Amino acid sequence: MTQAASPKPAAPARKFIEEMKGSEWVKGVYAILNPQLGRTRAEKPYLRCLIGDRTGEVPGRLWSVDENFEMPREGFVLLEGETQTYQGEIQLIIKWVKQVEPSNDELRDLVPCSKRPPEEMFAELLGLLDTLEHPAMKALAKVYLADEILISAFKRAPAAKSVHHAYLGGLLEHTLNLLKLANAVCPLYPKINRDIVMMGLFLHDLGKTRELSYDKGFGYTDHGELIGHVVDGAIMLHDKAQLVMREHGVRLPPGALVVLQHIIISHHGQPDFGAAKVPMTPEAILVSMLDNVDAKTTIALSETRPDRPGDFDAGGNFTEKIWALETKLYKPDPLK
Amino acid sequence: MTQAASPKPAAPARKFIEEMKGSEWVKGVYAILNPQLGRTRAEKPYLRCLIGDRTGEVPGRLWSVDENFEMPREGFVLLEGETQTYQGEIQLIIKWVKQVEPSNDELRDLVPCSKRPPEEMFAELLGLLDTLEHPAMKALAKVYLADEILISAFKRAPAAKSVHHAYLGGLLEHTLNLLKLANAVCPLYPKINRDIVMMGLFLHDLGKTRELSYDKGFGYTDHGELIGHVVDGAIMLHDKAQLVMREHGVRLPPGALVVLQHIIISHHGQPDFGAAKVPMTPEAILVSMLDNVDAKTTIALSETRPDRPGDFDAGGNFTEKIWALETKLYKPDPLK
Amino acid sequence: MTQAASPKPAAPARKFIEEMKGSEWVKGVYAILNPQLGRTRAEKPYLRCLIGDRTGEVPGRLWSVDENFEMPREGFVLLEGETQTYQGEIQLIIKWVKQVEPSNDELRDLVPCSKRPPEEMFAELLGLLDTLEHPAMKALAKVYLADEILISAFKRAPAAKSVHHAYLGGLLEHTLNLLKLANAVCPLYPKINRDIVMMGLFLHDLGKTRELSYDKGFGYTDHGELIGHVVDGAIMLHDKAQLVMREHGVRLPPGALVVLQHIIISHHGQPDFGAAKVPMTPEAILVSMLDNVDAKTTIALSETRPDRPGDFDAGGNFTEKIWALETKLYKPDPLK
Amino acid sequence: MTQAASPKPAAPARKFIEEMKGSEWVKGVYAILNPQLGRTRAEKPYLRCLIGDRTGEVPGRLWSVDENFEMPREGFVLLEGETQTYQGEIQLIIKWVKQVEPSNDELRDLVPCSKRPPEEMFAELLGLLDTLEHPAMKALAKVYLADEILISAFKRAPAAKSVHHAYLGGLLEHTLNLLKLANAVCPLYPKINRDIVMMGLFLHDLGKTRELSYDKGFGYTDHGELIGHVVDGAIMLHDKAQLVMREHGVRLPPGALVVLQHIIISHHGQPDFGAAKVPMTPEAILVSMLDNVDAKTTIALSETRPDRPGDFDAGGNFTEKIWALETKLYKPDPLK
Amino acid sequence: MTQAASPKPAAPARKFIEEMKGSEWVKGVYAILNPQLGRTRAEKPYLRCLIGDRTGEVPGRLWSVDENFEMPREGFVLLEGETQTYQGEIQLIIKWVKQVEPSNDELRDLVPCSKRPPEEMFAELLGLLDTLEHPAMKALAKVYLADEILISAFKRAPAAKSVHHAYLGGLLEHTLNLLKLANAVCPLYPKINRDIVMMGLFLHDLGKTRELSYDKGFGYTDHGELIGHVVDGAIMLHDKAQLVMREHGVRLPPGALVVLQHIIISHHGQPDFGAAKVPMTPEAILVSMLDNVDAKTTIALSETRPDRPGDFDAGGNFTEKIWALETKLYKPDPLK
Amino acid sequence: MTQAASPKPAAPARKFIEEMKGSEWVKGVYAILNPQLGRTRAEKPYLRCLIGDRTGEVPGRLWSVDENFEMPREGFVLLEGETQTYQGEIQLIIKWVKQVEPSNDELRDLVPCSKRPPEEMFAELLGLLDTLEHPAMKALAKVYLADEILISAFKRAPAAKSVHHAYLGGLLEHTLNLLKLANAVCPLYPKINRDIVMMGLFLHDLGKTRELSYDKGFGYTDHGELIGHVVDGAIMLHDKAQLVMREHGVRLPPGALVVLQHIIISHHGQPDFGAAKVPMTPEAILVSMLDNVDAKTTIALSETRPDRPGDFDAGGNFTEKIWALETKLYKPDPLK
């Protein structure tokens, strides 16, 4: 085994996954995914896992596992080890590993996050919400924006466990995209009520702040599995609508609460996709379709024209089948 | 026209539909359904409608319609007319008709209602709720029962717009049936949590008090169409759970609120049947299946072995296709 | 029969359907739809039909039908008759009727057409095609625009037999809408190839110029039923691509022809909706979704907020079930 | 390899799987499942399999496989070997292995069976059949009970190859559960014919005695795959009904045979779930739904609240997706 | 009413429907379908029905209905009346009507039947069964052919209640067609077992002799609705297989009975189309597909190229949607 | 490792896979499939792949992989190695390997092909096309047969990437089968237009010559994935129809082109199976069903009664689930 031969322990240091080369000593806090006890042919147990940070993932192995070994859980670990490389692929031979709770600073390096800073995106979103015209909509937006816990989560939550916008800040980025999309599309349909569309898009996924856990890797909370962001968003609006009157003395016009709740519970479009009702107003239909446009276009572009070309590319002109799109994709742009 | 020949106007009186014979004068308040302007071959307009009360319906016709005629809306009317009979079928030739709002006493005669008195059924239901064992469940039941507006609507609401338990008191009757069913079934499954099942059944359809309008005929409210009793029941529980702590100083055990909300939003079993989540606990699965057992058994029995035999019976051994069961039914009981 | 009593024949004149009142004599060329031989109770035959022009339709009846009567076919007729009104509904009692071929001037009054003049919309579309950047796309657009027969049909054809944009000029209006939509949306997705999207949208429905007949009423041609605009559009592009090289000396980049054909045959999104392939490039996916956005938003708005309010409005807050949307719609705008 | 180091061969003995600890010598008859020839990295062949008895299963390995080795088939084997343990998981290093046919006594230890003794359950079932009231139903029950081969198989057969009641005696246990369920539920629906429901439930799965093989592991017979218990149960009833007249001089009332056959062939509820007809009588509908209630409740409880807690528990609050329920399950009981 | 004016009663006589012209007196036994009590605008009751024989159907009306009138049931009637014609359509104004049971001779004129005489088709079928090679298949065929009641029904039964081969002798004609089809197709697949295919086709629909009633009009028996020809054919084979041994001393090869039963219960191809199992042998698959080929080709040809051209032809190049084919059909043969 | 022990290197030679025994040296050109870099327990990389020719496939391993090793791509290689055998299974221990482009002679040995020589099948097909009667059909056949590039591809292409007729010459064999099937079946349906059926079958899959690549292994071309043989066949006919007039002075009868194009685009029967239109003429329906009969019968027979018995046979009476048939198959022929 090659690690036996490695003579130069040097000073091990924290390295980002994407910077790792072969035969280096590394030490630092990383995410650990899917830790499992493997067994060699000689029936010796060993640890198999993925070691990651916000820049990528590599396979990890720890060979010297005995009965006292404390198996790490999915989450974060402090570890020391040596990188190996064969045929251009890196893996990490772990020497020792210990479960830790990372500091906030460390976390920023460990979990993938949006390219644009959340605050910058949030400022742009505030600008778009500022274009709401109806006083009741303005008041309702204020009530939501005044909920600091919610807004803090909104800036940080991913938009999905995987598939699209699955990174810290992803929910904000997806919501902002949709508001910009509506801003561009609404003028083409003068009879659409732009305020309802904009507010509906702002609210449609806010339940995800409770549905997803994103402190270590992304997953669903029990609450998310059993209730879901669709119903939860409607309950949240039920509470906020009461605050609008209490705090701003503004009464939501009759029908406005029910129409916005309807947009939230119908935005998945069909019962089979998780909608509790099918969209039954022009605004609900448009919200549901714009959500689809942004999600699918974003997935299709990131799968065919990724930022870091070459990643996971198995060659050929087609991707693997992408489940969210129910098809594989043709990658070349014929005019480029 | 035959009505021209009828010589004996006698004193017209209120008669229940099921008591009507041919050639009688009637006068009174009735429900009017599906009023439409027909047109004779000679292009003369006339009023076609159904005239009904809690005992049944007959076709109605008013021939002398001119431009001043005020078309009645679906609802209730005071009318005078004469019954006719051909081949055993009754219809009502209306002389004049006027829209009215019935008094509460009149209403009782006009809208179908459950055979058992609501108060009697409600007492039986209280007895079953009294068997709840966990203090938090007891406290939650108390909070619901203390909501007078809700309970008053619960005693009065139908369980559906049509199909099963579509009469005043039907929601209470259906809920009571289910509690009795669970009471009989739970002992066979010792690991099931009976309190959760009983409470889940009590709550599962309470949103229907807001979903259905039942003052004149039965229909869906706008709120019912756009939000629905499934999501609305979950919102109602969100509010009630806060009262449990505030008013009884009892804390719902962690998970109890979410599990009960889950039962409410999953009790239709599948997304295509209106469930916002599929049932994911043993209790949610049992609630959903018992609801089905009661609804389908009740429909099948009332279609094949009705209380008033002969009603609408087209002869033959099979009923028409019954949409809720997706099949026609074979009527004979081979052992009778 | 009431028409016997009408004393004032006056000078009958061409009247638009929307202007008709009761008890007027009319004479002129109209569209006739669904002509059928009815039979009175006394077994006398009569003609039932709809009489229409671009402003609407009314029921028509011709009572004096004998064995020499020449039954009109669906299409256009010259007729004379008298209007009747009951309860605000107009119908036309036809005195005589004769099949005719309308002149082009007459046609303009008979068939519904887009509100904006076709030439004005076409000029706007030319402006958008002018923004294409790749020389091969520019050359391909030129080849299509040089096909006078095609372009003349393109300006005139409806976008559908019914449901959305079902009027002369509807295909052009729908295509223009989509180009404007893409113009607004593409900048939000920098990696999308705008030229492919714009060209794909321009071409996606051109097969409809052969699929639909629209000279008298709108219908499908045999060719349209058996082949359809989806495959036909791909065949048309196959021919045009050969002209690009032959006439402009420009070679379509490898892959460009196949990717554009793919967009045409996949733009219905799913096999069940008529797609011969599912969309497999980001541009094909976006084209298919934008087509959906425009079609559904247009339908939803015209059903809930029609230009001529009151038309066909049965009252209540919900429309009838709209098949293209698989739901009924809630009509009120709660902020208005 | 660690087994080389094990010094203490002691007297090997038969041990139940659930009692095995590390470093013990065992010898005895076990079930062998899924025997396969693996190959080490050094391309040496070895035997991989599961070794089981009624108390559980462990992985088995036999390393010294040469060309004379006789590969065992799925079934039963006599073997000798040594247990090993790592991280709490047991596996069996087999020294030698030989196919055997177990004696009946040995079988009892090898195949999982119901917790309650079959004779005890059968006695309870007889008691319930004794409550049948109609003489023809009583006679029919007698004919079935007099078929010793059938009843012997009925007491022994599992109710399914896997998923629910998949153990010896499972068919009897499932049938008994259903009779008890019907006994509790029927009184709530006075119009239901209890005799038909009880008899239908007794017969509904009897075809499984021919559909499943259960002498060694559970599987489908060829007959079961090609015909199935649904049709086979109907054929069996066809034969038995002839015996009722011949042996008891009792004539089944007209319609009773066909209605019971209908219950058998319809009890899966829908064609997609294996029903040859959909249930078309109230009793057939109730039988089909009660079957569902017992199957799904039993699965849900055994997956979330197993008798031997900890078995296969991967941690977390949710189970894996359970295919028979089309969902994963939430395990905690929030009131416990 | 025009019938009052008809002066020439002449000698009324039995006429076939297809020979009827206007203004003739007819008297004779006819089939009566869908008898209903209509009501004129003046609320006078009258009888509406279809009057038919094997050559076609015409609408019938009887105007003078009073309270003593005995409403005929669907079946056969002796009647007298006068034909009327308008615009080429015939109808029958009935003077009086009386329910009768037709003699066998009369029946032959009343119910549609196959063009070829049943005996001629049956002889051809015997010739094809004679080509069976395996002695067990020969013996099985003999047992079926010796069942005189079955064979008499087989020669007479229709193949369906409607849609394809819905006439007396239709089951025989469809079965014969399939044997001829298999005779032509099997030689192309040398590995197929021709005996199994031929025997499977002979047996596949024999259960229809019990499923359909065809004495007066065609319908399903209760037995047919609740059990169906698919399961019933398997039960019949169960009985016949026992006779093969008892009467011919020939033992069906192991597997032959189950494979033929499998063909019978799987020949509808999919559960949704009524198959109790999907076809799982090459012969079962071929039987199921040939059944489909004959049924669909026969329907498509009779709808587009009927024997009596012009029947029900609404004009245009397309038929109405044909439900059995889930599409409308294009009628022209472009090479004719 | 055992290969170290093999003493007799002899003269290595090309051997067909089906002839390989253990402990032989082989050298020659083979197909290589699914080449992957594995990693031993000791983390040493090695090459895993399948090595094949037209007679079968065996697993291949190359152990001595270092950083200079050039990984072969899927395609063809020259290699030298030694066979090993354990328990009757062969594998190839590769010593060295080099990517090559095989000569045409070599290719014939490497890729599976039809049993009958293509030229012999093609001659039979020409004979069947010669039976076309209509001059326009004869002319159209001539135009296709004169396209040498197309016909050369037609003789060589497989009919599918896998599943049925997946070998060189498979498209020709499948097409020939279908023409023979139609030749046998059409006489049973006198009203069918045999010329249209025969021509439709000849053309229906010709688009596969462009859809599939078959030079090295079988796959889809990009063109095939994005457009498909269904639409491509229709475009090809569009071009050929123009040649019929130009080169033969024969005009296709009106409707003939559209009906044949319709057959091509509808031959998959349903949108979900890839049809761009459902079949709407009797001939289109028959073509689609015969295609199905040949494909499914061929699959079912080759899976249950293979030419080389024992291949991949896992024992038992049932095959694995066959996806194209959506079921597993029962293998025994009960009369053999």
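Here the chain labels run A, B, C, D, E and F in written order, and each chain numbers its own residues starting at 1.
The rule we apply is simple: a contact is a pair of C-beta atoms (placed from the backbone, for glycine too) under 8 Å apart; a residue touches a chain by one contact, two chains touch by 3 or more.
Computed from a predicted model, the values in this text were never measured in an experiment.
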Touching both chain A and chain B (chains): C, D
Pair sharing more residue contacts (C-beta pairs) when C-E is set against E-F: E-F
Furthest chain, CA centroid comparison against chain D: C
Centre-to-centre distance between chain C and chain A (centres being mean Cα positions), rounded to whole Å: 43
Chain centre separation in whole Å, for chain F relative to chain B (CA means): 62
Where chain F touches two or more other chains at once, by residue number: 41-42, 222, 225-226, 255, 258-259, 262, 280, 318, 330
Pairwise chain contacts under the document criterion: A-B, A-C, A-D, A-F, B-C, B-D, B-E, C-E, C-F, D-E, D-F, E-F
Interface residues, chain D side, partner chain F - complex: 37, 39, 41-45, 67, 69, 71, 222, 225-226
Of chain D, residues touching chain A in the complex: 1-2, 40-42, 61, 84, 86-87, 91, 317-318, 330
Chain B partner contacts - residues on chain D that touch it in the complex: 134, 136-137, 177, 180-181, 184-185, 187-189, 191-193, 195-196, 253-256, 258-259, 262, 278-282, 285-286, 289-290, 292-293, 296-298, 300-301, 304-305, 318, 325-330, 332-336
Residue ranges of chain B touching chain A (in the complex, touch as defined): 222-223, 225-228, 230-231, 234-235, 238, 255, 258-259, 261-262, 265, 271-272, 274, 276-277, 280
